[in-house]
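These notes are about the structure you will find just below.
All chains are identified by letter, namely A, B, C and D, in their written order; residue positions are counted from 1 within each chain.
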Amino acid sequence: MPLLNHIWIILALPLAGAAINGLLGKTWPKSIVNTVAVGSVSLAFLSVAELVREFFTLTPDQIPFVGNYFTWMTAGPFTIDFALQVDQLTVVMLLVVSFVGMLIHIYSTGYMAYEDGYYRFFSYLNLFMFFMLTLVLGANLIVMFVGWEGVGLCSYLLIGFYFLKKSAADAGKKAFIVTRLGDLGFTVGILLAFWTFSSLNFHDMFAKVSAMPSETMQHSGVLTAICVLLFIGAIGKSAQLPLYVWLPDAMEGPTPVSALIHAATMVTAGVYMVARMNPLFSRSPLAMLIVAIVGAVTAFYSATIGLVQTDIKKVLAYSTVSQLGYMFLGCGVGVYAAGIFHLMTHAFFKGLLFLAAGSVIHAVGGEQDMRKMGGLRKQIPVTYWTMLIGTLAIAGVPGFSGFFSKDEILDAAGSGPHANLTLWILGLAGAGLTSFYMFRLFFLTFFGESRYDHHKVHPHESPKNMTVPLMILALLSLGGGWVAAPHLVGGTDHFEAFLHPVFAAYAPQTAGIEQGVSLAGSAGESGGIAPSPALELFHAITGPPVIVALAGFLMAWWFYIRKSEVPEKLATSLHGPYELLLNKYWVDELYAAVFVRPLLWISTNVLWHVVDEGIIDGIVNGVARVARESGGQVRELQSGNTRSYATWVVVGAVGFTVLLLALLGMAVH
Amino acid sequence: MEFVTQHPVLVVSLIKIAVLLFIVMTALAYLTWFERKVVARIQSRWGPYYVGAHGLLQPLADGVKFLFKEDYTPPESDKFAYVLAPFLALSLALTAIALIPFGPPNVRLLGQSIFIVSNLDIGLLFLFAITSIGVYGVALAGWSSNSKYPLMGGIRSSAQMISYEVSLTISVVGVLLIAGTLNFNELIEGQRGYYLHFIPRWHVIPQIVGFLCYITAAIAETNRIPFDLPEAETELVAGFHTEYSSFKFAMFFMAEYANMITVSCLATILFFGGWLSPFPDSWTWQLYLPGAGLVLLSVYTAYDTVANLRGIARIQFAVVTLLALGIGVLCLIPAVMPVIQGPFWFTTKIILFLFFYVWTRGTLPRFRYDQLMSFGWKFLLPLSIANLVVTSFVLILPLLRHG
Amino acid sequence: MSIPFLLFFACAFISVLGAVLLIFAREPIHSALSLVLVMMSLAVLYLLLGAEFIAAVQIIVYAGAIMVLFVFVIMLLNAGFEERTDWSKIAKVVGLPFSFFLLLAIAHMLSRSDIGTVVANGAGAPSNDAVSTRALSAALFQQYLFPFEATSILILIAILGAWILGRKE
Amino acid sequence: MSVVPISYYLVLSAVLFGLGAVAVVFKRNIITIFMAIELMLNAVNLAFVAFARAHGQLDGLVYVFFVIVVAAAEATVGLAIVITIMHNRQTLNVERVNLLKF
């Protein structure tokens, strides 16, 4: 199996593309830059495909397949190899990342066509691909961490791509710093993990942890601590409460970036990490609960904010946050597979939505405010239809990919082994809100009378290289979920079955049993009461999620198509809540007041004026001053008066003579 | 008195020194007479004539004159150095003479060799030492007078002395290499013997170049014409002793002549076999030479007395005649004859050298200062060094041949 | 009191006197003369110690050449009275006591060093005959040949240095 | 004829050396200071000769010889320097030749 023995090639390709474009691309015409960038990513995708093909030829005992390339660092017992591993989870992630990445590269060639720093953009983008793949392929926490930080870097670079715009630069910094807070927890988690398992290879860690006797482990605080710390990293990276604030601002970046990094791939790294670390998490109920709570609350919370946003990308950003919340909720309630499943579908439809939004923005000449759009469905049909599919998918309309994944998560939250009513309700409400604000966005954008300036803006359909990816993603959003379809009729969920080894391998016995029960559960109970598949299907498509989604759709239709003056009324009547939402609960202001300003004050008045100027400079200058003063004193000896020198010589002679006398005296006596 | 018995050496030495001093002083006095007479002859003049017969009492008169002149010390002068300088000059000059052996050491009286005051192992070195000190006299005199010309003279003379002392010393080293000793007696004994049974083995023959260098350097060393820049009348009035008068001046004068005698003695000892006779011992008649010479002298003076002289001069010269005759007869006593040989030949050679000195003075013009210096450094010194090198090479040739 | 003792004390007195004069004389010439005095007496002491050659060299080189050079330079520069500036505080305060202490310390050390005592007791008293110049020359030209040549080169260099310094720019 | 103890010579040399040091410290005239240094050298020479005498060895005398030679060389250069100083600064007072400082 040629490629499995050379997994690194997958990493090398985008890296090479980044290097070539970054170093040489400045003077090249766009065509060559395109060839390099898109070509490298496409090759990466192809090799991923080949890899997957080879992967399926592996026997189960060969999985996970680890390629160990060289010993990276060694310090006493601490050795880190640059090792890459492939298992089912990796495969899924690889496919998603490389494929969506490729599509978005292609899309970018059109979207960025008239931007400066074209080569720079693609160099960054390729670099991001490299790091993201590293993150996914890493066989130990350190390699993973490298990818983790690398994508952070690229996200910073790409958010601040228009660095001449202050808001963009600030957004970039904000993203970097906020993420860094999470990474702090992540780092500490890694150290703690090493301290605990004396190894950072997933293999060894999982082996050790599963070797632990379960009863001690149930209450092992260390394990919980590790999980919580790692999860903090995930919170930062995946923009969960309370560290989500950077993601909306990240929309300052070019839309393809938002699609790729802040919707499809990077922000899902946290989810991937939690899923990857499932053996640890599943052994720490507390951590699981925390993950679930954070996920659910975030899902609902950011959905509420999304209700009133007017910037099309902001809306999508908040919806991303809430969707990520769903993923964590899934992981938190123990159905990692569902989480990953939603991750995949979300990658499809959210990528689609972002790209479509980008297409819309492109059409209306860079305008992002939905209140200045409307009635665009005639002008940009392709975008219209694809966005419709995306909206339906995210809203969870049966048959669309979003429906299957979200349904599984809510199902597990409601009736799973770690079921929790509150979380379920939150999730459900979030789902309703999601469909509401998504349709609000949809209606505001494409229906009603056009509110943009007809003299300036002449909406036009995007070029092929933008629309084609839209269509492909639309197809995926449409059919991406059907792998899980049989589950609805009591069959097996192929996706979950595919991923099952990853999560079952090290699953705690008890949990494993429960999970098995739950897996068979749905079928079992259904078999108990009403064994007819049709009834199952009916139950599924008329389940609470679908209901609330429908409600959201109707409300949106009522507000924005039927009586489009209602929202203003509501805004005035419910002024307080409206303001609250419009200003995103004043969280940014809160953080500014609680963290940023005090930090600034301390930095300025303590660290700068006292520590730096007072102590550090003081020490340095003090040393210099001491040297100068003493020198000034000592140099007086250099009086230039020969007689003084002679005197010194005499003094020295006396000293030696006395010394000699003393020695003589000693010698004599 | 018992001190004397305790230290016979000391006593005898003191006596010898006293005698030597007397003789030398007289010699100095009459050296001036001699010089003036000879120069006068060269310049076809009479020279001193009226004070005593043939001016024989002229030195005495001069001495008296010097003694009774006012001894004037310039008020601005540095008293100490001003007084010290002439004493230094004279005493050093006389001290040098004390090292000279006037005769063979084996001639003894009371167990003490009579012709030799001090017989040092390194007599020659000491002679040089003392002559080298001699510079101070001149330099101090010139400086202490606190006046232009003397200062110039002093500087000139010290520079000149330093310069020529070098070549003087080096020119002698050749002889030392041959003789392999620094002791005067051994030096002289080393020259005993004859080439071809009649040519004396004097060092002058192999060291002719060294001799020429030596004699030139010696003349310069003693500030004699043609190297008498320090007291060049036409340039510096009287050089370093311009401000001196009366007896101090006389002391400088005597010091100069004493130095002349010293270098002549040195030349005699080093190059002309000291008190050795130029004739082979087989020629026994040479024993009669001293007495015979004096007798002949007395005959001449007798004739002169009777023929030319009148009045007081005639009486004086008669006395001279008697003295010469008496000493001559004394020298003819067989017991005395061998004893007198050494001093006789030594004195003869010295007189010849002194004549040479006077001769040059009478005939040669004075150098210019820069000529003097360049001659000393650029010609004389290289020449003497070359002489030294050649000599030493010749001396080690046999060693080289025999490995 | 035998003659050597008399001679020694005479010369010692003269030399110390000369040294003191060197210090107190204000005319450089006087200092020079007093130094010559010291050298002379030292030469005599060398004779007493039986080092005739060294004594001669002392007089010829030191008194006859070096000091003459000094005097010559003094005359050339017409160096008058030494001006008694007193700008070096340390020299005034520390110099004198320390110098004298040095004097005493060295004297003490040398006198109490075993060599001095040994000879004073007459034990191992040195032979009285003078060191033959021949032996000295042998030592100089065989054992110490290289240092000898080195010194000759040193002198050559010194001459060159003097020439460089003294020539007119 | 009794021998003068070597220690006498040594003490004398020490005294002369000390006086030389005093002179070096207390004279202002460069030439005089030079002479004081020569004086110290002489004192050392005396000690050398005395030791040579005491040990009945020649080395001390050879050292003295070398010391004298080196002193000659030193005097040559030193006096040339003195002359240069005089030409350039018209003074022989070391305390006036004090530009090389601080």
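Some observations on this one:
We take it that a contact is a pair of C-beta atoms (placed from the backbone, for glycine too) under 8 Å apart; a residue touches a chain by one contact, two chains touch by 3 or more.
What you are looking at is a predicted structure, and each value in this text was computed from that prediction instead of being measured.
A simple rule picks the central chain: find each chain's mean C-alpha point, then take the one closest to the mean of all protein C-alpha atoms, which gives D.
Mean C-alpha position of chain A lies 89 Å from that of chain D. Computed centre separation for the pair chain C/chain D is 6 angstrom, with centres defined by C-alpha atoms. Chain centres here are Cα averages; for chain A and chain B they lie 120 Å apart. Centre-to-centre separation between chain A and chain C, using Cα means, comes to 94 Å.
For chain C, the set of residues that touch two or more other chains comprises 3, 53, 57, 65, 69, 74, 76, 87-88, 91, 95, 99, 102, 106, 109, 113. Along chain A, residues 639, 641, 643, 646-647, 650, 653 each make contact with two or more other chains. Per the contact rule defined earlier, chains pair up in contact as A-C, A-D, B-C, C-D.
For chain A in complex with chain C, the touching residues are 639, 641, 643-644, 646-648, 650-651, 653-654, 657-658, 660-661, 664.
Interface residues of chain A, counted against chain D in their complex, comprise 635, 638-643, 646-647, 650, 653. Looking at the complex, you find that chain C touches chain B at residues 3, 27, 29-30, 33, 36, 43, 52-53, 56-57, 59-60, 63-65, 68-69, 71-72, 74-76, 78, 130, 132-133. Chain D makes touch with chain A in their complex at residues 21, 24-26, 28, 33, 94-95, 97-102. Of all residues in chain C, those touching chain A in their complex are 87-91, 94-95, 98-99, 101-102, 105-106, 108-109, 112-113.
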